[in-house]
Amino acid sequence: MLEFGYYPGCALHGSSSDYEQSVQACLKPLGVGLKELDDWICCGATAAHTLNHMLAVSLPARNLALAERDGVTELFAPCPMCSMELIKVNRALDGNAGLRQRVSEIVELPVTGKTQILNLIQVFQRIGVDKIRATVKKPLSHVKAACYYGCLLTRPADTLQFDDPEHPRSMETVLEALGASAVEWNYATECCGAGLTMAREETVCELSHRILTNAAAHGANCLVVACPMCHTNLDMKQADIDRRYGVHHDMMVYYLSDLIGMALGLDETQLGVDKHFVVKPLESPATQAAEMH
Amino acid sequence: MSELIAQEALPGLVAKWLAQGKRVAGPSVVKPGYCLYVELKSSAQLALEGFIRPRNSIKEFVFPHHEAICRYHFSGHTVETEDCDPPQVDQVIVGARPCDAAALPILDHLFTWDYEDKFYTERRKATTVVTLACQAHDDACFCTSLDLGPAAEQGSDVLLLAVPGGYEVRCLTDKGRALFAGETRTVEQTAVVPPGPPVMVAPGTIMAFLQARYDDPMWADLALRCLGCGACAYTCPTCHCFDIVDEGTAAGGCRVKNWDCCQFAMFTQHASGHNPRSGQSQRQRQRIQHKFRIYPEKFGVMLCTGCGNCARNCPVGLGVLSTLKETAGSAPVEVGV
Amino acid sequence: MGRIGVFICWCGENIARAFDMDELTEAVAEIPGVRCAIHYKYMCSEPGQALIREKIRSEKLEAVVVASCSPHMHLKTFRAAAAAAGLNPYLVEMANIREQCSWVHEPYEDETVAKAVSIIRMTVHKVLRNRALEPIRVPLTKRALVVGGGVAGIQASLDLADSGYEVVLVEREPSIGGKMAGLSETFPTLDCSQCILTPRMVEVGQHPNIRLYTYSEVESVEGFVGNFNITIRQKARYVDIEKCTGCLECWNRCPSREAPSEFDYGLTKRKAIYVPFPQAVPARPIIDLNSCAKFLRNECGTCLKVCQANAINFDDQDMLVTEQVGAIVVATGYRMYDIGREQENAKYAGYGEYGYGQYRDVIDSLQFERLLSASGPTGGEVKRPSDGAVPKKVVFIACVGSRDNAKGIPYCSKICCMYTAKHTMLYKHKVHDGQAHVFYMDIRAGGKGYEEFVRRAIEKDGARYHRGRVSKITEENGKLIVRGADTLAGAPVTIEADLVVLAAAMRPATGVLELAQKIKLGYDEFGFLSESHPKLRPVETNTAGVYICGACHAPKDIPEAVAQASAAAGKVQVLFSKGELTREPEVASVNEQTCAACFACVRTCPYLAIDKAEIRDRQGNLRKMTARVNPSLCMGCGTCVAVCPSKSVDLEGFSEEQIYEMVNGLI
Amino acid sequence: MTGQLRERCRRLLQDGAVQVVIGYGVSTSDGMPHPIFVRRPDDVDKLIWNEQCMANLTTYLTRDAVKALGKPAIVVKGCDARALVVLEQECQIDRSAMHVIGMACAGVGSPRAPKCASCDVHVPAAADEVIGEAPAQTGPADPPYAELEEFLQKSPAERFAYWREEAARCIRCYACREVCPTCYCPRCIVDKNRPACLDTSATVKANFAWHVTRAFHQAGRCTGCGECTRVCPVGINMRLLNQSLARAADEHFGYRAGTNRETPPIIGAYGLEDKESFIR
Amino acid sequence: MSEDFEPKIVAFVCNWCTYLAADLAGTNRLEYPPNVRILRLPCTGRVDFNLIIKALEMGADAVVVSGCHPGDCHYTAGNYHARRRWILFRELLETMGIETNRIFFSWISAAESKKWQHMITEITDQIREMGPYTAYHEISEATA
């Protein structure tokens, strides 16, 4: 049985508990165990690196140190912001003995920065697309998804070294294994507005509106994400967007884990899909496109 | 009846010599497995037991591997030269093996023959050799084949023989007597000389053999495995070849006499590029012929004391003994089938 | 002891202010080997040189040391003076007591004086071991090879051919003309590219002194300056160009029309038998087997039937021919940066976000040149590839790949600013109601009339310039949505364009590295060939007898490429102006008797001047192997000496004896 | 294994596949195995193989007198075989013109030679045939440069004093040079006298220079057979110097001499990225 | 350290970069201590380690080897070859306990006259501080 270390980060224990529910639920039938780090702390996310470099290094470093303490070699961080921060620090510690020593003193634990960090997609890659395909119970032939990676899953490219930064295909590959289809569209790696959710609503709405519009225009009947922040902007803000732009997107926004769970035969309440703001049964894309105008 | 010095008194005596300003040399274990004759800085360095014999020989105290014989320096447009004087050293070699000491009278012939090499003779005169008779021997030892033995006296000024608790002191020359005067006490017991190695070759037959076999193809076979290094010659008590070179800078320099070895390809290399002994077989033959035919023909003594150092130090286990055994036809041939 | 004359120069006050010249001279006179030591106010002056000449004769000097300035300043002067007095010039050395002593140390201090004496002493010691040397003479074949038949290669070939030397011109493509043959009009004069180039191409094709090999590549290069042996691979073109009359009936009748045209960068299709473009030189067709029905399916053979001259030959094979030349000019030109996702090298990430190769109306600048060209696929009308509509809004993006450390290459491709301005102008001239937008980083318009040209594009022809990068191009409803930033306005810009033109970076032509290795040329990390000296030897290379010009050296525009080509031709002419070559004799040589033939020197030599050689006895039996220096190739660096364990290789002028003698003189 | 070896050699000589076998035989003087050259099938019984077979016989391959005997078969241990690779890279031997008999080896010498502690070539690579089985415990026991690293714990002044003592004992017999398979220059630099790069006198200065030279000429070439140190009559630990250069080659260039014939030697090559932190 | 100790510094420099830098230092009248003796060689690639040893034997208190920056070698690659040998040679010197802080390697281009001036000044001061290289000079005196 596969087991990964698990770093939920603040979002999954808070605003995006539906994501955590989805992740936990879909991994179980795949025989994957998650071992949550004891005593983890915030990764620093959007705020720390703008304030204090040592702080921005030390916060993720403490979590890395915990992982090392617990003998975790592969650490799953479902939030791409968390995983990016952790990887950044891993890279910074590698080959910089001075920084390693300094940080180890600050976090009061030895840290070498050797833990491998996995995002949601990588977890599925580790499980193996073939294994997922073999485990599918209800193929998702009705799903025509626009896979949305956002800014953080593939970027900064040289730090993350995950997929093609402009034309990622990893989610598509997983979806195909589920019997779903993925549309070619333009906004897979555009920004949704990210952390400006509260501060600059109009920007978030504009950016997310574009994404939703483009996805629908290319025939998608849902969006798939692997980031709690993207989900918040695209799902929770949809009503606001509709109001501002006088449209009715009505676009389901799934976590990748939702779709996997559904394909494995779990129902939507088990996966927390019922907690999304936009909830509707998937229809054929043609109908949906017609509704839009 | 004999004279005896107590075991514990000998270091004291060495220390006394050192305190008198004498240069004292003797066997010392420089690192595990390596016992060498060295110039002693203190009596504690002296080692008299636990080894067959040092890996080098005492010749370097009368014939050092490096000796300045003349200095020159440039002064304007002229060269000024200045002969080096033979060194004035009063030295004692203590704990020499009989096979080392016996080499000195052999070498005397060479260094006093057509020209007296003062660097050698002066040192020789100022040197007192205190020999310690052998208690043991190994496979390489063959002193008895050369009419020597564990307690041979040739070349020694004093012969020490181990007895329980000390050494029997046999002073053989005045130099020796002067060194031990008042240091010994007379006792009843006399030392028992241990047996030496069995006689393995008969040197008497060798000269004729070598004479007859100068151009024998066996030399080529014998020399195949010889690597051409100088380990045998440089640790041999009797080998004495040297080379004279100038080592200098722009200001002047020094003419030095350095050991040389007939096994080196460069030894007989002419300036023209021609080499009369161009192959290792010729060089091996030269070595044996010189030691057991040419030298005795000239000086009446073999240029060998049977110490076995050549074999012990040879990287490939070649030594004069194995060669002699073969040439004398007394032993199976193991080399160069 | 030697008879060395030491001549100490005052250099006016430059040296004399630091020493008591009499005392210095006295001290020097005491150095062993010194026959006479003399000081004089200006040793390099005619009376000074006369003094040296006189002393060489009267004192029968065997060697001379001039203690004055740097050897880089006057060694040649004094060697010539000595030669005039009958002394071999290589028996003269200089002791540098000006730049490295009197100018940098306290005057009259003991240490300063001691240093001067020491410098002179070391030099005396060196010169004692100098040997009389004679310059090395090398035979010279007065023919040149030009690799590449673009505008630079054409210019170099014609210059050389016109000055009476035979030229072998090798071009990889079926026709000469290079990139320039496909351009529309050229900046800053807007004259027609083909109009100025094609007469030159014809001249090349007809020149009695030019032997033209098209569709050919340099297979191997052996030999050295003056004596290169070139093997050329003539690739099979399946048309015998000797027999072919150029009637092009085959081309007219060929039924296939499937392959993308190389000359039009895929904007059109061409036939299986084709001439690359109407003005091609030679104007002879070639068969592309990969699109030929006869070859692929044995179905057609029309060309065979229609050819009156029997020039079609499907059994044609590659042929190897050899040519002897004395000099090589490399003019292999450039290619464009691969904009899309598929990069040959992970170092270059590419620009997937621009959708090149994905959206048909995103094209590169060479494709746009074809759209503008009167001989192009649209006959000079600007029509976009996807639907043939006339684009009303065109976005030009500069620096695609250039000046981008993250995804591209750090250097500036130099010509993009200019041709982009040209593009906007030509576009405006053809589409009067169209609007050109340009995204740029900086505008680099250094050149005669260049800045004015750009201003004209902006001010007269109304191109809108946005200083900023484009982040993404997407296609929606038949429009290309170009999203970028205008950093001067501080605002994001979104343009719904009909056509996007990417000014991709210039990169060295493919295969140039293999060629460089064959000719033994240096190249930089980007694959551009290295000149011998960036300032003073800009067209020479470190391999004697090999010259470079055009964009194989660095991005450059047509005038620069042409100027450099003429410069390279000029250098070849200088080389050819002598009956034979003479080279400095300060080269390495091997003591073959002591050489152990480990060949560390062979591996080390930067000029591949050392070969493995055999020594045989009179019966022809191999006695031993040895290293052997080719003095014609050796440049005298001496790296071989340092790696030789037995010091069996030595370098004249800086021999082991000379250097040890100097070190011994240090005290 | 001795029996097997003899049989193989008998066959090789009988078939005329080789003209001479360079192997080990027991010497009359000390009963230790020493190099022998077997040229007749009847003499193969003189060949032996045991744990005292110390010598690296590859040193004979470059000698004219041995070459004159015809095509050789040579008996090598794993460590010796590395020298074959270097000799081939340096064009000193034609590997195809010899037959290499590799002996599986668990270590030689009593006590064990220092090199055996970190041996990772118990079965010779690139031999034409191997006699014997890989010893049960293979895999290096000690890190390869342990002795050196321990030595480097000393201060530079202590190190210098150590080498001063070592150099003072050197008698310049050149056994180290002559026994070394990769010291094959027909004229050693120390024998070159115009100019004399090195003094031939056995002074401390000249001995120091000699040992620097000997070691550095082995940079990136020494295969660690340890023969120089084994044969030194006065016990100079040249192995340390060889190790320091071997370690440097390993650390800086990932290069271990004689382990891969395809990897070009590091001397005579360079890397644009070669470390240069010490260069101003 | 004795007050009047003047270090002997030997510099092996290449003809095309560092030698010209020293020339330029002269042209610019950049003053530096006169303790350095410059040996002009064609290229750092020509500098053999035996020369460094020989210089120490001759009583040098410090040795400098200097040439063109990587990529600037007049002979394309001589300095790269030199650098590779120095990397190895330094390790040997370290093992032998030879004071590597007296043996300097540098890249000084023809334009870097100031770098030359600073380096020689700095090295001279540093060696003055360290004193003569007694350890090596002693072995140069001693016989075995």
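Letters are used for the chains, namely A, B, C, D and E, taken in the order the chains are written, and counting of residues starts over at 1 for each.
Note that in this section a residue touches a chain if its C-beta (ideal position, glycine included) is under 8 Å from a C-beta of that chain, and two chains touch if they have at least 3 such contacts.
The shown structure was predicted, so the numbers you read here are calculated from the model rather than taken from an experiment.
J.: Give me the step distance from chain A to chain D, shortest route via touching chains only.
T.: 2
J.: By mean C-alpha coordinates, which chain is most distant from chain C?
T.: B
J.: Tell me which has more C-beta contacts between its two chains, D-E or A-C.
T.: D-E
J.: With chain centres set to the mean of the C-alpha atoms, which chain is at the far end from chain A?
T.: Farthest from chain A by mean C-alpha position: B.
J.: Would you mind pulling out the distance in Å between where the CA atoms of chain A average out and where those of chain C do?
T.: Averaging C-alpha atoms per chain gives centres 51 Å apart.
J.: Round to the nearest whole Å and give the separation of the Cα centres of chain C and chain D.
T.: Those two chain centres are 47 Å apart.
J.: Provide the C-alpha centroid distance between chain B and chain D, rounded to the nearest whole angstrom.
T.: So the centre of chain B lies 30 Å away from the centre of chain D.
J.: On a C-alpha centroid basis, what's the spacing between chain B and chain C, in Å?
T.: Each chain's C-alpha centroid was found; their separation is 69 Å.
J.: Could you list which residues of chain C touch at least two other chains?
T.: In chain C, the residues touching two or more other chains are 593, 604, 643, 659-661, 664, 667.
J.: Residues of chain A touching 2+ other chains?
T.: Within chain A, no residue contacts more than one other chain.
J.: Indicate the residues of chain D shared as contacts by at least two other chains.
T.: Touching at least two other chains: 169, 187, 189, 196-197, 201-203, 267-269.
J.: Could you please specify the touching residues of chain C with respect to chain E in the complex?
T.: 70-72, 96, 98-101, 103-106, 109, 111-112, 114-115, 118-119, 122, 522, 542, 586, 604, 606-607, 635-639, 641-643, 651, 653-654, 659-660, 662-664, 666-667
J.: Would you tell me which residues of chain B are touching chain D in their complex?
T.: Spelled out, the residues of chain B in touch with chain D are 30-31, 33-34, 36, 55-56, 65-66, 138-140, 220-221, 223-225, 227-231, 233-235, 243, 245, 247, 256, 258-259, 261, 264, 266, 279-281, 311-313, 315-319, 321-322, 325, 331-332, 334-337.
J.: Tell me, which parts of chain E touch chain D in their complex?
T.: Listed in rising order, the residues of chain E that touch chain D are 49-50, 53-54, 57, 70-71, 77, 80-81, 83-92, 94-100, 104-107, 119, 135, 139-144.
J.: Which of the residues in chain A come into contact with chain C in the complex?
T.: So the residues of chain A in touch with chain C come to 157-158, 164-167, 186-187, 189-190, 214, 217.
J.: Across the complex, what residues on chain C touch chain A?
T.: Touching chain A: residues 341, 349, 351-353, 406, 472, 474-476, 481 of chain C.
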